[in-house]
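Following are the structures in question.
Shared between the two complexes below is chain A, which has chain B as its partner in the first and chain C in the second.
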Partner chain A sequence: MKTRLNLLRNRETLLGITILVLLVVISLLSPSFMTYTNIVNLLKSFTVLGIFSLGVILVIISGGVDVSFTAIAQVVQYAVVYLFLNNMQGNVFLAFVLAIIMGTLMGLFNGYLIHRYKMPAIIITIATQNLFYGLMYVITKGQLIYVIPEYFWKISNTMLFKQVAPNGAVSGLSLTTVIWFALALVVALLLKFTVLGRSIYMMGGNPVAAQRIGVNSRNTTLFVYGSMGAIAGIGGIVHVSIVQTVIPNSIVGQELQVIAAVILGGASITGGKGSVLGTLLGVLLFAILSNSLTLLQISSYWYNVFTGFIILLSVFLNAMQEIQQQKQKIRVNVEAAS
Partner chain B sequence: MDFITIQHASKRFSGVQALKDVSFSVVKGEVHGLIGENGSGKSTLIKILAGVLPADEGDITIEGKRITSYGPLTGIRHGISVIYQDISLFPNLTVRENILLGRVLEQNRKVFTKREYAERVTRILDDLGVVINQDELVGELPIAQQQLVAIARALNNESKLLILDEPTTALTRQEINQLFRLVNNLKSQGISVIFISHKLDEIQELCDSVTILRDGVVVASRSMADITLDEIENLMVGKSMIHERNVVERVSHEEVLAVKDLTKQNNFADISFTLERGEVLGIIGLLGSGRTELASALFGIAPADSGTIVIDGKEARIRSVEDAVEYGIAYVPEDRLTQGLVMSKSIKLNVAIATLDQYTNSLGLVDTSKIDTLADEWIAGMSIKTDTKEKVARMLSGGNQQKIVLSKWLAMGPKVLILDGPTVGIDIGAKAGIFTTINQMAKEKGMGVILISDETREITSHCHRVIIMRNGRFGRELVGDEIDDAVIQRELDEQKRVIAQNLS
Partner chain C sequence: MVDISKMMKRARKGEQFSLVVTLIVVFLLLWLLNGTRFVTIRNLRSMSYQLPIIGFLAIGMMISELSGGINLSLIANANLNGVVIYLVLNAITGGSMGDANIAQVVIAILAGFGVSTIVGLVNGLLIAKLNIPAILTTLGTMTLIQGISLVLTKGYTISGFPNSLIFLGNGSVLGIPMPIIVFIIVVIIAHFILNKSAFGVRLYMTGANRTACRYSNVNTTKVIVWEYILSAWFASVTSLIMIGQLNSVKANYAESYLLVAVLASFLGGVDPNGGFGKLSGMILAAVILQLISSGLNLLRLDPFMITAMWGAIIIILLLGRDIMNQIGKLFSKRRVRT
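Right, the complex of A and B next:
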């Protein structure tokens, strides 16, 4: 009884099982699902969301939230591509370095305001989202950039573990997906084995206790939002390498879906809970769901309906468990009637 | 030998003298009780000892060495740990991490693995004689075990002085026994303990010596053997008062509440009793006897499974708090902070909140001038200490908060008032004021009162009738002259003894 409960209570296990069941069902219904080409393409198309989710998990564990990261990614993307086209000679390495610097600065700005003025992170980041995004529009007049330097799209076109189909088509794991997984590993190690990582959990779990025990709340907050910014910057570059055009309104608007994936992965919006593995599984579940709808030729309008349903279901499961535990709790050892 | 000595310490906060020339010392390996009313300077003194707050003047000597500069980390480095009332652990982390992270931070390490500390944590828990799964999340443990984890964390920091700030408030008697055994165990290892509690009998049971603070001054610091509880009480308040029997005259024998065979699984069983108008009925039992659960059921918070409740001759179906309020039941909970007040709202709103629909104008909108009048009335009537009725509830002391909760319900003019531990965590002076008002309401308006408490003298001073509760059932009933401190205390001690026996 107890082990069964624990198994279901562990979000990663629950998600893993759900994904497995989905995989079996979908591959039975659509033979083209379980093909190498489909899987690597699927991973590639969810790479940007996956990268963003790694920053969001940090912020959410710390007890905060950030909705400005899409704007940061957008601004960084536009700025880097524009600079490389007009002002300087660029390359891939420099693109990432610049993106990380710019992203970090914007993230630190968020972190500073949140820590210094103790204002709700949601309000601050709604404001800075509009601020960053708006300024970009004012400066660029919203012009698209159709032709980008070749080295950008080379990132996503570089393939590992290549396979050649009988018809000559080549497929393989995109370098962007590798970036996503490598970043996931870094964030996971940080959260699990460093004092800084555990401090993020401490701050999210009980901020007062964290301060009493010697956690530096200012530095931790700055680190969390700064990292979110840096990761958003990386996401911005990866995005342009996949899309191969700079469209100024193509990233902003995705933030809620990323946060939804993180929550689905077991993170608690009140802070202190969540893991990289859960986040990855949350993103994968979304990916598989969207892909299977396409393969099964169901209208993509249904995607949102399913997304909403799955989030409701996962919240519902949590709530039911809580209620069940409350009921079974013995409050008083009532004496048997004599 | 003294572990720590503080001499001539003073502390002022913007015009208020919190501590005045306080000298105080704790001997190595003793349990030292620290008591005083709210606002007497206990918390200030603890914070100075812990290094969280600097004293304006005064010297601190630890193990014979004078400490010149004293900051937050100095306390920890000298082996002083505070177990705060709110426990201050991380519910989202495991037992092991909670125990070791403080030390990891203090050592300024960047990376750690759980394995390198596992053995140490195991040894500490073994030494404490505590059986807890180290991989369990702290948030899933009962409060008592969380407290043990907090103590284990302190020991991991190599504490030599443990400060326990009202540790027993949320514990059952069984858990208190366990905690006390643990404290005695630490004592035998040469660790000093400062024990803060409002419950004098606990101080007497556990402490070797006691220091009493009043208005920021040490009024006595003596060995426990040289002082009686009555003396302690008088020293705390500064005058002899309160606990003489103070039962109001009965106005009628009309029945206002009749409960029959009330049962709730895992909470209580077969509860039957009646309450008359103007009567004060005491229900006394240890924590875990089902007393609070019974009150929750009567007030609809966690309704009973079966049984009947009759109010004014009519059967009342109480399934929710709204139902209970409708039938004229009011409830002042034990945990006033989370259940009784909207902490971020003003006094006047808190007073009016339960009866808001009575203060509307002809359009059905809330008439703030009526609320102002109401608030003024109750602030004066209950002598709530505040400069303005606009002050938010959080800013007030425990006693004044309790008075607001009480005002809110009394403003409703209830038929039955349930008071659950009405004076937990508030000082004796405020207690007396609260009971004066309650008695007056019982006498003038014929309100029936159910007083639930585990403080014997609170019960014996004010009740017409007392029922002793145990293990979810009603036991002995005492009426009039039978109500006696000694009799009730004997019953409770017997219960404690049985629990202790089952434990060992």
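Right, the complex of A and C next:
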């Protein structure tokens, strides 16, 4: 009984165990799953989702939501690639710096509107998503960019921990995945060991109490949404390096999947709860499950049903967790009284 | 005492007043931009056919927001309703939907309402009993329903509905468009339910202070469940009008209308924390948004420019309302001083 309570209390443990069990089951059913090639490829295909989820976890912990990050990523991607093709001599470092600056500016726009005018974040970010996305299409007329500078796709092709298969194919951990994990480490350290990180949790948990303690809600809001923008920008560059083409509508539409993975990872939509580890595990579980759908050759029409089901399952687990916690509280009181 | 009630009357009129002012400003602006074609009988007729769709969605959204929640699954619900009507009609008539008689159409409509009741039930139970935040629950049900509709229709557009059904959305009686007649009838019924019935009072109270209601012998779970069922029924009515207008049903129609519906409810004066919202505000907001929608279409702008404009318009409208509130506060302060 106590062990079960323990498991339910810690979302990360539950996720970790589920992932391990799934890995065992799937590798029994389909031996080609647990190969090095398949795993690094799976990680690479979900890297962009993983990067986005790091920004989203920051926003959700602070008690807000953001659905404009895909539009920000797309706009930044297009702008940076276009600039480097036509006007500037660039390199990888410059690309990321430019992406971060542009993304941060757009994110700060969100944050300013949300804080200054106290409008619901969901509406503001839907509005800015439409605004950014629409303007980009109007300016670019929806043209694809087929040829991108070499150093862009070198990012994703650079591999660490290479392995050569018997047929000569080389596979290894892509640099983009390393970027994802490095970013995850940065965000985790920020949340756990800095005052700013603590402020984000406080603001999400109880905004009024946070303000009374002295948390500067304006700066924290601006930081959170600005970081979301910066991370979205990074995600945009990583995306173009993996896909190697700029397709104007390739990123928008994934918002729900990112949010589903983050909620699966244990974040509470009302704020104040969540962790980077949980988010990472949530994305991994999401990746494994959707990879299984593909392996089982289930029609892509079921994908939406799958995502919706994941969201409902996650919120159900969240709710069960909270009910367990409430019950525990009552139990403690009774014990103290007697 | 008389002074206070007079002041309160003025304040209430002030809320609708700002909406009426916005309406007049928007109308004049669009007239200016579009020229005389904006005020032709043809345009006004076409707007009055489409207005009830936005109107029903706005009211359905408002109902779910009265308890502090939201219903993102409204449009998906409407689409599913259409799909269900198609399936039932197809099954009853053995494949020749277009020749269905009135009795069969009524059965199909009732089936649609039945499915919507289930959706509302699921939403309400998850939100009320498990305390899951409404935004997440309805996000999950929305994705789930979208997926189900997609699987049922395989992405195809389905058409060939019987004339008796199409008449609801496309016909006219004595020159008055049928959708408007349906709208007026439904609004009168909604007025009675929300403002003149015990349920309505309980609903508003639950939104204002749920705990106080529980202590006052209001079964808040039942209230919230019925609230979401009512909201889902509005989605059903919307679907009937949509079928009439488009003579077809698709899994992802009107997805952009979700933003419009949420915007209409906030514009119309619903408090996101619950407990406040008037039907008259919804109707005014729906008219404003319909004017904008038709006006933008008439300008023959690039569709993506329209998307961007909607984003900008939302921000401007919410900013404008904030500014008008500030002005209103200034005036009321002066009154208190004298």
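Some points to look at:
We adopt the following convention: the second predicted complex is superposed on the first by the 307 of 338 C-alpha atoms of A that agree within 3 Å, B and C clash if a C-alpha of one lies under 4 Å from a C-alpha of the other, contacts with A are read in each partner's own complex, and residues count from 1 in each chain.
Going forward, a residue touches a chain if its C-beta (ideal position, glycine included) is under 8 Å from a C-beta of that chain, and two chains touch if they have at least 3 such contacts.
What you are looking at is a predicted structure, and each value in this text was computed from that prediction instead of being measured.
Of the two partner chains placed around the shared chain by superposition, chain C is the only one that A:I269 touches, whereas chain B remains out of contact.
Look at A:L196: by the touch rule set out above, it reaches chain B but stays clear of chain C.
Of the two partner chains placed around the shared chain by superposition, neither chain B nor chain C is touched by A:G55. When the two structures are aligned on the shared chain, A:I124 is found in touch with chain C, with no touch to chain B. After overlaying the two complexes on the shared chain, residue contacts for A:A319 are found with chain C alone; chain B is out of touch. When the two complexes are superposed, the chain touching more residues of chain A, out of chain B and chain C, is C.
On chain A, the surface touched by chain B in one complex and the surface touched by chain C in the other have no residue in common. Residues 193-196, 198-199, 201-202, 204-206, 208-210, 212-215, 268, 272-273, 329-335, 337 of chain A are the ones touching chain B in the complex. Touching chain C in their complex are the following residues of chain A: 65, 113, 117-120, 122-124, 126-135, 137-138, 142, 256, 259-260, 263, 269-270, 299, 301-309, 311-312, 315-316, 318-320, 322-323. Interface residues of chain B facing chain A in the complex, by the touch rule stated above, are 52, 72-73, 76, 84, 86, 88-93, 97, 101-102, 104-106, 109-113, 265-270, 288-290, 293, 470-473.
Within the complex formed with chain A, the residues of chain C that make contact are 126, 130-133, 135-137, 139-148, 150-151, 154-155, 259, 262-263, 266, 272, 302, 304-312, 314-315, 318-319, 322.
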